[in-house]
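One chain, chain A, appears in both complexes that follow, with chain B as partner in the first and chain C in the second.
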Partner chain A sequence: MEIVITSAGDKLTDKFDLRFGRAAYFCVYNTQDKTSKFVSNDIVNVQGGAGTKSAEKMIELGVKRVISGDFGPKAKQLLNKFEIQMVMLDESDSTIESIIAKISK
Partner chain B sequence: MPRRRRLRRIVAPPGFKGFKPYGHVENKTAIDLNYEEYEAIKLADYDLMNHAEASKLMGVSRATFARIYESARRKIAKALVETSEIKAVYGNAHLDNDWFVCNKCHARFNLPNSTENACPICQSEVIERIQEK
Partner chain C sequence: MSIKIAIASGKGGTGKTTVSVNLFHFIKENITQSVQLVDCDVEEPNDAIFFPNYQVQEVIDVNQLIPTIDHVKCTYCRKCVEYCEFNAIVIIASKHYADVNPALCHSCGACAYICPENAIEEKAHLIGEIQPFNNSCQPPLLEGRLVIGSPMQTMVIKDLVNSSLLKADIQLLDAPPGTSCPVVATLSQTDYTILVTEPSPFGLHDLKLMIELLHEIKQPFGVVINKADDQFPEMEEYLLKSNIEVIGKIPFSTNYAYLYAQGKILQNISEDIQKVYEQILTQINSKVQIYA
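Up next, the complex of A and B:
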């Protein structure tokens, strides 16, 4: 299963991003072979609809779970429709590494 | 301590808050029909599914489904005979757009199309449904 974690940078030591639509990078973590890759979010600077576009990207990537700080109403609706699980964490100080460590326990 | 009761997945909540009989001798009692019992009646007698299919949909075993269904039928029969009101109550159900909070790591999450009832972060089974305002 592939899981997306919103990230502020493209390294595992970078901070977890609490925003979904406007996160700088999406870390795609594969639970089977424990690999991760970073996908840059090119819609960080658009005017509106970042949540919707990011949600569409999640559908495109075919992930089953998204971990972020919060989700907007439009993103929520879309992710719900495609049965992608949303997880909200309040840990703004955690790194991507530590979150991966937690979920792969 | 008894085993935790699994949440029963339901597709949609009932479209009513309750049913009231009319033209009867005043009876103040009410019977609580759980969402999962309503769902069991709906799947088995309205959608005409067999118990095995219906139980898969609700994320419980066939035997458990049969028990929920039986309890639902008995409650409805009791309400009809004793002319009491039927009230729809939440029970042990979970809906697709429900949100949960993990009591261990405080992560909030939803459980779309899943029959698992564990926290996606720490796998703890101590989770609670977040009440809608």
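Up next, the complex of A and C:
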């Protein structure tokens, strides 16, 4: 299964980004083979609709779970519709690797 | 030719409605019957509360055109997504999903224009209402009312200020608070703007934003200091230094706040209040001619 963790940078040592639609990168982590890749969020600076567009991206990536600080109503609606699980984590100081370690336990 | 005067403030609660309702009353009493009060605070219109005898005459729908996508014709080519400036369209080809989010759509029509399959049709979507009071030909009071949950207040205000029902010689536009799009829409075609402020740090801060806006859109204005007392001299120091005209000062009065809370500011108007508004009207008349 692939899951996304919102990230402030494109390395495993970078900080977790609490924002979903405005996250700088999406870390796509594969729970089977334990690999990860970073996808840049090219709509991070749009005026409106970042949540909707990011949700669209999650659906296209085919991930089953997204870990972020919170999700706006429009993103929530779309992610719900396509049965992508939303996990809210209030840990702005955590790094991506520490979150991966946590969910791999 | 009609004269449009907007009453705006920046900060909420400074007295836009109080000043609007009073000006309407005194113009009607002393100058002309051909005056209309237009409540542009479409998120929470409240001018009507002060006119218990006025009755709503009709309800005019304000619609926004929202595109709908025909799933049979759509080939998921994403041209509409590329053309949408507002990220309102979601197309996921692998899931055969195509939908428009009305909360993000600005009804520009670009998606319908570009769709090579003619799969997009624009349909009316209710976002608000315009309610004329008391007279269906030249209503003395009109209000805009946004549908709860709709973010399209600017669109409702545009319809309201461009309504063919606005035809009195003097039109008073009671603006929403703030300095963003809904306020700009209210001020778009006015001849003069009255900025109502209060002597407080917050009042001054937002007044400055409002003054900046009026300079930007190059419109004449004057300032009314409401709830005036001696507690915050910085307000008048600033206005004096910036060479901004104060066209009226309404003294602070707890009793007046009681009357307002009961919706009774137009009953038993005190002589002091009467004088203040007569002075404000004289000042306005020196900018835009309101006395015939």
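We adopt the following convention: the second predicted complex is superposed on the first by the 105 of 105 C-alpha atoms of A that agree within 3 Å, B and C clash if a C-alpha of one lies under 4 Å from a C-alpha of the other, contacts with A are read in each partner's own complex, and residues count from 1 in each chain.
Note that a contact is a pair of C-beta atoms (placed from the backbone, for glycine too) under 8 Å apart; a residue touches a chain by one contact, two chains touch by 3 or more.
A quick note: this is a predicted structure, and the numbers were derived from the prediction, not measured.
Peer 1: Let's test your reading of the overlay: on chain A, do chain B and chain C clash or fit side by side?
Peer 2: Fit: chain B and chain C sit side by side once superposed on chain A.
Peer 1: According to the stated criteria, A:53 is in contact with first (chain B), second (chain C), both, or neither; which is it?
Peer 2: Only chain C; A:53 stays clear of chain B.
Peer 1: Contacts for A:35 in the overlay, against chain B (first) and chain C (second): which applies, first, second, both or neither?
Peer 2: Neither partner.
Peer 1: Does the superposition put A:102 against chain B (first), chain C (second), both, or neither?
Peer 2: The answer is first: A:102 touches chain B but not chain C.
Peer 1: Now for A:65: first (chain B), second (chain C), both, or neither, which partner does it touch?
Peer 2: A:65: touches chain B, not chain C.
Peer 1: Is A:80 touching the first partner chain B, the second partner chain C, both, or neither of them?
Peer 2: A:80 contacts chain B only, not chain C.
Peer 1: Scan A:43 for contacts with chain B and chain C and give back first, second, both or neither.
Peer 2: In the superposition, A:43 contacts chain C only.
Peer 1: Looking at the overlay, what does A:89 touch: chain B (first), chain C (second), both, or neither?
Peer 2: First partner only, chain B.
Peer 1: Once you lay one complex on the other using chain A, what is the shortest C-alpha distance from chain B to chain C, in Å?
Peer 2: 17
Peer 1: Please identify the positions on chain A that touch both chain B and chain C, taking each partner from its own complex.
Peer 2: Looking at chain A, the two contact sets are disjoint.
Peer 1: Looking at the complex, which residues from chain C come into contact with chain A?
Peer 2: Per the touch definition, chain C meets chain A at residues 86-88, 90-92, 94-95, 97, 101, 103-104.
Peer 1: What does chain B use to touch chain A in their complex?
Peer 2: My answer: residues 96-97, 105-114, 120-123.
Peer 1: Show which residues of chain A lie in contact with chain B when the two form their complex.
Peer 2: Residues in contact with chain B: 65, 67, 80, 83-90, 102-103, 105.
Peer 1: Using the touch definition up top, name the residues of chain A that touch chain C in the complex.
Peer 2: Against chain C, the touching part of chain A is residues 43, 46-50, 52-53, 55-56, 59-60, 62, 74, 78, 82.
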